[in-house]
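Structures given as structure tokens follow.
Note that chain A is present in both complexes that follow, paired respectively with chain B and with chain C.
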Partner chain A sequence: MVGAVTDPMTTQAVRWRKWMSGPRAWLRSLAGVPVVVVGLLIWQWQTTRHPVFFLPPPLVIARRLKTDWLSGPAHSLFLSHEGLTAIVQTFQTALIGWAIAAALGIIVGSVLGVRPSLAAFAAPPLLLLRSVPPIAVIPIAIVILGLGDSMRTAVVVAGCLWPILLNAVAAVSGVDQVLRDVAALNHLNPIQTFVRVLVPAASPKLFAGLRVALALAIVLSVGAGMFAGSGGLGGRLLTFQNNFDVPGLWATITVLAVLGAIVNWLLLLVERSALRWNIQGETL
Partner chain B sequence: MTSSNPILAVKGLSHTYGHGATAHRAIAQVDFELMTGQAISVVGPSGAGKTTLLRCLAGLQTPTGGSVEIEGVPVTRVPSSIGVVFQDYSRSLMPWLSVKRNVEFPLRGHGLDKREVQQRAMDALALVGLTAAADRHPRQLSGGMQQRVAIARAVAVQPRILIMDEPFASVDAQTRAELEDLTLSVRRRTDTSVVLVTHDIDESVYLADSVLVLSGNPSRVVDQLPVELGYPRDQLTTKRQENYLDVRSKVYEMIHPHRMTQP
Partner chain C sequence: MNLNQGLRTLLRGLGGVAVLCLLIQLLAVIGPARWEIPNLRQLADEVYHFVMSDPHFVGALLHTMKTVVLSLLVALVAGVVIGIPLGLSSVLYRTLTLPVELLRPVPAIALIPVMILALGQGQSMEVAVTALAAWWPILFNALYGARGVEPLTLQTARVFGLGRRQTTLRVVLPATLPMIVTGLRVAAPLALIVAVGAEYLATAGQGLGGVLIQATASGNLQVLWAAAVVTGLLGLVIGALVWVVGRVVCPWSTEW
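So, the complex of A and B:
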């Protein structure tokens, strides 16, 4: 018996995981479905009885979802041409920007993490830059880069970089000295040490930063599209807003929610398989 | 297991952390030699700079005074002829790698071909009796088994000197005895010289050919006692021998000079 679990939070997490992975786990994972169904029914019932301009009934939104987004052929997952174009534009920008920020943040963050003296120099500007609300970067990015793809990608990078970088500094500086000694004893060069020791040892915390940044990437990609007034889901939201097309807005928001959940779930899958060794409670 | 030339020579080694008023002298002066094939254990009160000494031997730290020579060559960086076993297996093993991958870790990236790497890792695991656990992860093993993995990793590179930093301090007494005997058998089968840092007096005598007793902070050599016990050794008969008890009580008195006078 090693690594006995005593932390109450961990115990709770272990209990939750056991509950979710026990027999008939698939049934349990559906436990939240009735809540959603009942919520939608109440929403439909109330908004049909007392129509509200800014909150159309779910069925109206669903119809718009079908005409605006899901009227395409099977080979494009039933997505309409316009819808697919907007989705690709927004999520491509978000994911490319996020990936650039991830590479940059993890590399720079790791260097600062292993060199406390460098980190001392870098800390004040980093803290200042981190405090800039990412949205505030958009106007200046438009001035510098115009309204195109490069501006939107740059905004995503500028916003996502800080959570990833600061998490990487904390994660890498927290890697046990003994592991670094093991690397040194085996004559690993700095790059080998980075790839074979620091990144895997720091990966639980690195993933935490990546997950925060991924949500931010989608927000910023949509936001930059809205500012630019064109392109992607942000541009569509702006058009619907200008036309007072409330069901169109809600349908777009639904698309964003579903896609955001899918992307987050995909990252969670990657994380779970990469961090299998780190799962609490999986001991003898 | 004797030879006439020293594989390791420590000459006038001293180490001070920091400068000026806040300087902390961890080691005042340490000299000793280790003959090829022999084992020396280093004992002393806690905080006696044993870990600093060990880091200097392994080339992880440059001493502020004196020198360390391995086979006559001064140590300026990490030598390739050493293997190190750390005290805390839960910190020194890579939790994300299987047992086999942990043992392969030091062998990879040095131009050995894949089959050679795997063969050497499996040989090292066989040496510590863990062949069956090769595909498991460290956290699925008991503490004693994890420390065996750490020993296998250290000997996989076929070091000339095995440096052990309080290697059995984190396991229970039963496991400790097993690991002590395992260390003796690894030594017998690999002909490795050993530096063992420990604070367990029984262990320091049982496993070594001489015991280096250090004083408290800053540390100096109090004495270096030869252990004339011969091999093979075992927990029962060796620990009953006159020589064993004699060295053991001498070391004890040096480390606890006041204990004997208490009622």
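So, the complex of A and C:
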């Protein structure tokens, strides 16, 4: 199928799996710690000696991180009330939109993947729809749905649907014909075949699409907030930019990066337990 | 694929496009009035109007296109130059994995405000942000491509007495090329997203992002639908360009 995402991160997943198996692997990754520490020291030293307007020293950012984000009580994981609200707004819409796109994309993609003739019909329209950058959808969504959560969710769905769908088509059409024949011989109905044969067999590739889409979902949720000028982490970024509050900007970026990494890591954990049967590296 | 089969695929594809057109037409008639979905005739009129009447439009299109192409070039060079050594040397790989993993989850779109403050609202800011976004897939693909080079070919290069530079240029680079092209293919749509986003947020009114700002300000949904169609077409063109480049640069690749 034209335009299926061949995911660079699939290889990363394999590496992660190797990385996360065994204590020696953890030790090995510690080799990077000195590099990070030295990098931070140089950054701190240089920017305090010659202050750069757009790049404050890491300690200044850390202080801002504490006052802006980590000044809350323990029961909310030390997150401040404002910070928590912004995080929830952004990540809730990102995850809900992503889940909707995943459900739609996997179901439609599987149907197309099982019927190559249907896929031939659908390929050019899908290519057209996929080519519309989700950014261009944001203004339309703002005019129709306003500035709220539903707008951000809609934008996330519109952006994430295509990578998931195209990957699902590629994944399902790549499922061994023998498996499908066996399912037919055992008189599985279409739904049973879908749930018990097609989805498991296609899941390594499905997860690749889901992970690409997850990163995109966060970007779009933040981006929609920025475009709308309100709501979540994107809205905060825009406020900081307008106030020329550079440490505040960097603190927000740090929060986004950490949360993005955590969400991605959680998905990898799910993937790892779901794909335990999969021989390492088969996703390559 | 024989001719007959190709013709059938083509016809089916055209059928699919026709169905899509019908769907749009249908939505224009029965869809919620608030959405103001234009029917095909209105859409075509609006796009035509857009392209013809506005003297800035072609300039805006070229502006965005230039940003995307420039940033892809920057990302390509930076990704390959850094990715291949990282893939070849296990020392570099081990020491730099952690810093790279820490920087990677930073969404490029969140860097736009910082870049605007650092580089202003011009095209250099747009190219920088877009290149940062497009850099990751190319970097990782170059890295894993270089790591995955068949050891036998490396040993052969050594037997032939090739130096490190020559091995890299004449053995590793060609072997990694299909992966790099795949990375480019993943990076291109991303680059378009970030480029338009940067233009939109810069509020300097350049490129397609500027066109979107104006259309949003006017609140005219029909213009916005047309703008979405036009950016979609640009996405299609950029995708096709990358495909052609990939075909020309490494025709032996099977990654399509």
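The working rule: the second predicted complex is superposed on the first by the 252 of 284 C-alpha atoms of A that agree within 3 Å, B and C clash if a C-alpha of one lies under 4 Å from a C-alpha of the other, contacts with A are read in each partner's own complex, and residues count from 1 in each chain.
Criterion: contacts are C-beta pairs under 8 Å (C-beta built on N, C-alpha and C of every residue); 3 or more make two chains touch, one makes a residue touch a chain.
Only a predicted model underlies this, so the values are computations on that prediction, with no experimental measurement involved.
Contacts of A:H187 after superposition: chain B is touched, whereas chain C is not reached. By the touch criterion defined above, A:A103 reaches neither chain B nor chain C. Within the superposed three-chain model, A:L179 lies in touch with chain B and out of touch with chain C [touch as defined at top].
In the superposed pair of complexes, A:V88 makes contact with neither chain B nor chain C. In the superposition on chain A, A:W277 contacts chain B only, with no contact to chain C.
Contacts of A:F121 after superposition on the shared chain: chain C is touched, whereas chain B is not.
Legend: residue contacts after superposition of the two complexes on their common chain; A:A201 is shown touching chain B, with no touch to chain C. Ranked by how many residues of chain A each touches, chain B and chain C are led by C.
Overlap of the chain B and chain C contact sets on chain A: residues 2-3. For chain A in complex with chain B, the residues that touch the partner chain are 1-3, 176, 178-179, 181-182, 184-188, 192, 196-197, 200-201, 203, 277-278, 282-284. Residues of chain C touching chain A in their complex: 8-9, 12-17, 19-20, 34-35, 94-99, 101-114, 116-118, 137, 140-141, 144, 182-183, 185-186, 189, 192-193, 196-197, 200-201, 208-209, 212, 215-216, 219, 221, 224-225, 227-229, 231-236, 239, 255-256.
Per the touch definition, chain A reaches chain C in the complex via residues 2-3, 5-9, 11-12, 28-36, 39, 53-55, 117, 120-125, 127-137, 139-140, 142-144, 215, 218-219, 222-223, 226-227, 233-234, 237-238, 240-241, 244, 246, 249-250, 252-253, 256-258, 260-261, 264. Interface residues of chain B, counted against chain A in their complex, comprise 55, 58, 60, 78, 80, 82, 84, 86, 88, 90-92, 94-97, 105-106, 109-110, 137, 139-143, 146, 157.
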